[in-house]
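Scroll down for the structure; my scribbles are underneath it.
Note that the chains take the letters A, B, C and D in the order they are written out, and that residue 1 is the start of every chain.
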Amino acid sequence: MIIVMERLVPEEQIKMVEKKLEEKGFNVHLSKGVERTIIGAIGERTQAIMDAIETMAGVEKVVPIVQPFKMASKEFKTNPTTVRVGDQVIGDGSIQVIAGPCAVEGWDKFLEVAQMVKSAGATMLRGGAFKPRTSPYSFQGLEEEGLKILAEARRITGLPIVSEIMDPRIIDIVASYVDVMQVGARNMQNFFLLRELGKCNKPILLKRGPSATIEEWIMAAEYIISSGNEQVIMCERGIRTFENYTRNTLDLSAVPIIKQLTHLPIIVDPSHGTGKWKLVAPMAMAAVGAGCDGLIVEVHQNPSEAMSDGPQSLTPENFRMMVDKVQKLHAAMKQE
Amino acid sequence: MIIVMERLVPEEQIKMVEKKLEEKGFNVHLSKGVERTIIGAIGERTQAIMDAIETMAGVEKVVPIVQPFKMASKEFKTNPTTVRVGDQVIGDGSIQVIAGPCAVEGWDKFLEVAQMVKSAGATMLRGGAFKPRTSPYSFQGLEEEGLKILAEARRITGLPIVSEIMDPRIIDIVASYVDVMQVGARNMQNFFLLRELGKCNKPILLKRGPSATIEEWIMAAEYIISSGNEQVIMCERGIRTFENYTRNTLDLSAVPIIKQLTHLPIIVDPSHGTGKWKLVAPMAMAAVGAGCDGLIVEVHQNPSEAMSDGPQSLTPENFRMMVDKVQKLHAAMKQE
Amino acid sequence: MIIVMERLVPEEQIKMVEKKLEEKGFNVHLSKGVERTIIGAIGERTQAIMDAIETMAGVEKVVPIVQPFKMASKEFKTNPTTVRVGDQVIGDGSIQVIAGPCAVEGWDKFLEVAQMVKSAGATMLRGGAFKPRTSPYSFQGLEEEGLKILAEARRITGLPIVSEIMDPRIIDIVASYVDVMQVGARNMQNFFLLRELGKCNKPILLKRGPSATIEEWIMAAEYIISSGNEQVIMCERGIRTFENYTRNTLDLSAVPIIKQLTHLPIIVDPSHGTGKWKLVAPMAMAAVGAGCDGLIVEVHQNPSEAMSDGPQSLTPENFRMMVDKVQKLHAAMKQE
Amino acid sequence: MIIVMERLVPEEQIKMVEKKLEEKGFNVHLSKGVERTIIGAIGERTQAIMDAIETMAGVEKVVPIVQPFKMASKEFKTNPTTVRVGDQVIGDGSIQVIAGPCAVEGWDKFLEVAQMVKSAGATMLRGGAFKPRTSPYSFQGLEEEGLKILAEARRITGLPIVSEIMDPRIIDIVASYVDVMQVGARNMQNFFLLRELGKCNKPILLKRGPSATIEEWIMAAEYIISSGNEQVIMCERGIRTFENYTRNTLDLSAVPIIKQLTHLPIIVDPSHGTGKWKLVAPMAMAAVGAGCDGLIVEVHQNPSEAMSDGPQSLTPENFRMMVDKVQKLHAAMKQE
């Protein structure tokens, strides 16, 4: 890290900063200008040390140099991570398409939509059994009953299941039914949950928080990986901005950035990322253009009867058209 | 709610929307213009019904009219809620000043700073025992050991204790030591946690999430209240914006807005709200000017040795000067 | 528009609002519920009338229903607008690629890069003669000398020229040299400039302001169109958000939204939209996936010698590779 | 500035960066760690040089150290700048209260409100003659006719006049009528306008742009000062964030920050900063608590008849109550 001293500070304050850095095990180099001294400190940076230095007399600011994540970084592991889910692999150059309704609403309806999305080209199923809802008066999911429906749908369709986990107390239960455990955007910094998921042997789909920087999001992955679970799939689902025509602003630049900074695969959720079904197909196409490893899309056989997120759900017919276009685009991406 | 139909839609689509609204128990009124029809629907709105209507053929948009919160609203309870904590009352026109270090770091140090802030005018103590940290490699708190230190400091100083709860599995433990349980900004939409806290008989300090709208924040309070606990204290601590000179942008307009929309008391955290100790006192003063019921401020006897959040911590001496000014300003606010 | 009255307002206040609306020429419909009355008002909405009603006694809020733009809307003109520039057409289903350095730095260098981008597949040239710079101490452009270089490069390469206009006093001068006049992001709401450009007979490239909503951006186009010039090309170039890994957050959902709401063509600027050359090609691909009509990209033969925006400039070689991929993707988009 | 090299770069790339920095006149210091080299460069930084270095082979990033503004900085001029306007002084520890309608709508109405706000304690008058409006169909102001009304109101009331200038072509005309020329938020980076205003001998009220960082805002002041005019008054008026309950988010931390970084006075606009008249008085109080030098507030004798910005205008009676409270608070602020 770099320590920028204030203008014309007494020599003694510079010495004290130097001393503290050396105590903490840093290699220190001074750059003295006419008005200002800058101190380069090379060593194992932590937030606590940066904070400590920043509060010392004469220090104007502390500038971090090295990124704070390690095990998620490309420097730590140069080969891209691939995550196997059933017969599918995420991160191997294929496009995975995960589809299904926002919430599991009952057995017949779920099986119907599961078969529809399978025939349209989906490679995995999604469906919420536990739902995080802004209002305590909204439908909160079928809970374990929903998980059973998901597992049964897997048996019939052969497609792996993705579902959200919100509560560290029920990880074992959820893990016993599903193939991929999803951490929702609102829980991206629920550090207790992340650490527990790091002890599981299941792939984790880690959604970006609506106000998380890319660095914070990678740090959330670092929590999971450093607790023992490397099977992390990143998922961009839109960030909160001033624009309110869309529910969120889908930040597709996250796709190449995650690929440049980490070894993890990344998929995109154009349903939450826009909140409007008419925008889902164009943004799915854009995500493929950006180089993502997959899509997660909400599909409902009758969006106007959906118990949640109807306005952003595709009909099975629109989903089929989207998959066709996505596959054509992906084929064009791969030809050299 | 209001349903805006697209231009020149067939009569039949209008009829279908009308029918669905009536089925759901709404009172329906049509406004027909030359090009466009608008439908007013009066009844118990839920997100699911709004979503369902929005996906029907011919519907351009659905506009909510009534605010989604009930038990937190001023219409539900016109008298301001006051929350008793030990000998203190939050929301009765007084200014409560909650102070202490970000994290409890050990018995001697905590007792020392507790006595310093008490003598400077603090009315409650704060200190973290469980710390949410962006990095898995940062200090995560002393955990139950920290809670014991907090409780012992209360015994000696007589000041009530505020501390953060992050995990629904340990609510009983935390509740057995502290007087006010704080929900941190990152957990504002941890709905499982909120519901469990609604079953407690302890005051809850509910921090605003960094990207939460005021409406979402009030809905989080609604989760707690509707689960049985009315003792909710709102806490504005800054929102995430493009400005990065400060750690967050302290949104002081939240103070009068919460007072206009709800019956709940509201305090302000100028330490997290700015991230820089030089801005803490001016923003504390601004918060008093805006009409808040209290402040929560980080104080450390030696900020450059703090294990977390040193750069935003006041020294006890600076804290004492801040409290003096705050008290003068508060006195001026109350004279008519 | 919809007027939502407060709970339990006296009949008299409802009457006064009704009366005022009728005076202003609105068709008024009341919806009375048990607690609340809602008034639907159909007619020519303006901001002034909305504001006036919102301040009347008993009014809780006024909700606009109809979008404020007219001449830019798809309802006003259902056929997509195509803009002819030299031999090229923007908006006819082709992909236009506009390329060149941020600033014109001299004759030899500009001609060299112009020929390089032409051979790589660019269809138009860009280059700034007047540069808006955050600092008064930065290079401000070659001014008219730069315009002459641009015009001469067109003569030699045959490619049309796009350049920025910042000052209403020199529109005639700029218009005499260039083929498309660009309104920069910082001038998107320079209404005097927009109105003057509406009186020109030149295509206008209208960049989105960094904090402009899509609606405000379309209103800026409305200024130009309503002053007499329909040849407006929208350009998404990123919005300002909390994320600071990228210079801006490129909002690609703007592409399908502009196509759904207006008849105007839209291009994308992945150079300013990301600020990092390594992200330019992936985001150009994403933009094509989203369905844009073209790209505007910064290219410099030696980015480390560029007088501005080097870090986001492609080398001619990288540009050539990007164009190849863009063309493949665009071909895949068009096959049905 | 600091140049961070990539991990394990060849010695030759380090040498090339060093050489380039020395050519540009920088004093260079290397800090070599095991994996990474950091280069400290002390000298006159410009954006162009930073950009150039950032694009060189082996460079990971360039970190600016010194703030980019000079003449606006406290280091350049340690005494606070005071701006004299008629008999009033902004920045001398007093609270100036500038009040009046958003737009001048006619002689009788303006004179009436001018006399009302004077009797309530306003120390200057505001009123728009040229209005920047999002829609081309909104009222755009009375133009020169409005300026004449303003000047005449000054003659009668004795209060100085503040009014907005939008177009560099009419600076002389506006300057001949008003005492303070206001640069509106949308023109904060209209650099041509700023430079022309720097050649005037009139105080300039510089509103912060809705998406301007504090650094960019100070750079806008730097444009004016470096062109010859030191009489700049900063005005915080809210920034654009995701929160949409308020029109903007008033960033009161700007008040102490501007005072810490520059020698310029700063006032606050709680009318635009909130967009709701019920929030104006509390936020005016908060601004005084934060230590501002004045307020600018919209007042209209009949907000529901205002031609613009009615919802955020106070009635003269509410304005009087606000001024009373502001004066009490300001008195409390000044007693030591």
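One rule holds for everything that comes next: a residue touches a chain if its C-beta (ideal position, glycine included) is under 8 Å from a C-beta of that chain, and two chains touch if they have at least 3 such contacts.
These figures come from a predicted structure and were not determined experimentally.
The greatest centre-to-centre distance from subunit A, using averaged C-alpha positions, is reached by D. Two chain pairs are in question, B-C and A-B; the one with more C-beta pairs in contact is A-B. Subunit A and subunit C have Cα centroids separated by 31 Å. Note on chain placement: the centre of subunit B and the centre of subunit C lie 38 Å apart, centres being C-alpha means. One finds 26 Å separating the Cα centroids of subunit A and subunit B. Residue positions 211, 240-242, 244 of subunit C are each in touch with at least two other chains.
Chain contact summary for the complex, subunit C toward subunit B: residues 2, 4, 7, 27, 29-34, 36, 38, 40, 42-43, 63, 65-66, 75, 240-242, 244. Chain contact summary for the complex, subunit B toward subunit A: residues 20, 46-48, 51-56, 68, 132-140, 166-169, 186-187, 189-192, 195, 209-211, 216, 219, 222-223, 226-227, 240, 277, 303-311, 313. Those residues of subunit B that touch subunit D in the complex are listed here as 211, 213-215, 239, 241-246, 249-253, 255-257, 260, 273-274, 278-279, 282-283, 285-291, 328-329, 331-333, 335.
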